[in-house]
Amino acid sequence: MTARPIGKSAANTMELETLHVRQDGAVLFADIAAPPMNLLGTRTGSRSRVAEQRAEADTALQVLVFASADPDYFISHVDVTRIGEYREQAAKLTGEASLGLLFRYLSKSRLVTIAQIEGRVRGAGSEFALACDMRFAARESAIFSQLEQGFGLIPGAGGIQHLTRLMGRARALEVMLSADDYDAELAGINRALPAASLGEFVRSLAHRIADFPAVGRTALKDRVNAISLAEADDFRRDSDLFLERGRDPETQRRTALAMSRGFQTHDGEIALPNMLSNLVGR
Amino acid sequence: MTARPIGKSAANTMELETLHVRQDGAVLFADIAAPPMNLLGTRTGSRSRVAEQRAEADTALQVLVFASADPDYFISHVDVTRIGEYREQAAKLTGEASLGLLFRYLSKSRLVTIAQIEGRVRGAGSEFALACDMRFAARESAIFSQLEQGFGLIPGAGGIQHLTRLMGRARALEVMLSADDYDAELAGINRALPAASLGEFVRSLAHRIADFPAVGRTALKDRVNAISLAEADDFRRDSDLFLERGRDPETQRRTALAMSRGFQTHDGEIALPNMLSNLVGR
Amino acid sequence: MTARPIGKSAANTMELETLHVRQDGAVLFADIAAPPMNLLGTRTGSRSRVAEQRAEADTALQVLVFASADPDYFISHVDVTRIGEYREQAAKLTGEASLGLLFRYLSKSRLVTIAQIEGRVRGAGSEFALACDMRFAARESAIFSQLEQGFGLIPGAGGIQHLTRLMGRARALEVMLSADDYDAELAGINRALPAASLGEFVRSLAHRIADFPAVGRTALKDRVNAISLAEADDFRRDSDLFLERGRDPETQRRTALAMSRGFQTHDGEIALPNMLSNLVGR
């Protein structure tokens, strides 16, 4: 892990937001590379949707794998200074200003979507990964978090829907109420693998799946979604509540205080759980 | 673990049923202390409800932690000799004679409720813990059981609703059909921790959660409950079936036989699973 | 594990399809013995249903345990050369040509049904085991698979319904999309035990359960099914889609190619996952 001497003020200005895409047979590998910390900004969100739409239209493609170019962060979370902007972007892409509905296209896609996770994956980044069909993670480095409650927010992009169904009521409440980091085991991901073998495992699985008949795959995904994927309205409602909570002055006070302490910087978020528990006011 | 030379006949007469309550900031710690074995009698049930109601009304409080003063028993189960009485108590507190609906207030509460489990937790005691938002247990001593089938009863206070959703059909059937003791891993609790660190873990988590904004917490719990908490009618139906089953002469015969063999005594229930498999008649 | 020098051509001709049944008190033990590899043919399916119907009618019986006489295979999968025939058999037994609805009787039965798994359990064999109330497996030898996607089929006999509810969306998709072998841990069975103690564990549990009052057991199973068992229509729809997919020329091409390479032979299916990933055409 290379040290990255990136200061707080650099966080927004250095944000490049790119998605490196590489096709290998019927599998498209998309590497998220948005230094300094893979914040889910307007461009990252819209680019991943655009990549998915293009892949969806290309009948030669069957599987879409998302990975990160940054060993410390898979996707951090949304850029809280741009919530208005990314909602506008989502509205342009789906007709509705909800990130959860945008991510839901990954779950409904005819493509099989896989998140290959190294480093931290928090907030809407975690919700993006949960919307993928599968999540595989590096045992040594993968760290999960729904940080929203630290600001008085709720996970607004599908986290409540996915985590409650996946983990059950009590573990989902623990993870979300604590806004703490948690590991791959508690996250209930598909598999945690040694970092050294993660890439090859995912690549091999992606090609195996891609070689099976596409029509059968679509039929299967539809049937599984009918049982386990929450309705669009549930995602919509969470999204609205997130927005409503975001207008709370206490939420805004905590956000501003966090920003002044290194929130949304590469180094500042390494120890995010501690930062969150020190925002209590008055 | 201290030896407790308490004979069978002492079980009911020595029952004191108290709840030691201690407030620490926004967290209320309630220790169940109802010697000789923390049977869930009329007073334990009603006192925990009263404690919760008072805490609910006190806006300075955010989290409620239940623990046991007895290292051998968290809560044993209901006092089967007083089923009529505790149902009357429940009716006074909630308007309905159902323990499951009484416990369901814990799940619906604006407070976050945590069960810190050491020792045995069986029957309605287990259902009380399942109604809490989270369950943390001592790895060395926590023992779980739904003992009802041993008497021809069904779990009537929410166990079926919680366990089936939490464990899935097959494990829930195993646990409930066998009426056997099972450990923390099979119980699917939040986390099993060494007894020495359990208290500090729970205390720290409780304070962490309590420091986050209360409005966001309520919004989150509502959304999670909408997905994962069974309807009141489901609890009501289980409660009715429990009562119906309790009128069966075979259930009454097995209960009487168990009572004559040390059921509802501190020492007699240490090896409860064996006792249950030796009640078969004729 | 003894070597079995059985050639491809022998697969169908040597199929004996028998079910060895032995009663021990209130428990009926049924050993599937259909050499060379316990394919789920017309007779195995109908015999297990007949055994279950007889057991159901015999009020002295409470628990039904299915095991295999072949250490390499619990139940392989359906005999794909006889899909028409076994659907006719199912129609005779239940009025509908769906194996999923046939298996669903195991889940709805007043009897407690247990699968004691050693060796491979794939396709409809796995769906048979999932329809039982509990699954216990030998840690050393149990291997699970839903192989259907390798042929462009979907699990048509309840696998989608059970696995999605049991494992959650992501793990169920992994298992079914990959058509790969998976182990007892990923399978989310009740318990994996050393092969040497599996039989005694199941026998003891079966008798324990059988000794508890039958009326309470039925009440409990009904309530658990109300929460966790999918509706008959869901099984029906999967069954129809399976049949529809089976008419696809690509599915038929892959099936024929697999048959020419040892599919449905004892030795040929030991390394089934490799065979499936080498059927891609053109």
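Letters A, B and C mark the chains in the order given here, with residues in each chain numbered from 1 onward.
One rule holds in what follows: a contact is a pair of C-beta atoms (placed from the backbone, for glycine too) under 8 Å apart; a residue touches a chain by one contact, two chains touch by 3 or more.
Quick caveat: nothing in here was measured; it's all calculated off a predicted structure.
In summary, the pair chain A and chain C forms a contact in which the copies contribute largely different residue numbers, shared numbers making up under half of all those used.
One copy, chain B, sits rotated relative to the other, chain C; on C-alpha atoms the angle is 120 degrees to the nearest 5. Distance from the chain A centre to the chain C centre is 37 Å, each centre being the mean of its Cα atoms. Within chain B, the positions touching two or more other chains are listed as 165. Contact residues on chain A toward chain B in their complex (touch as defined above): 148-155, 160-161, 164-165, 168-174, 176-180, 230, 234, 237-238, 241, 245, 248, 250-251, 254, 276-277, 280.
Residues of chain C that touch chain B in their complex: 107, 112, 132-135, 162, 165-166, 188-190, 205, 208-209, 211-213, 215-217, 219-221, 223-225, 227-229.
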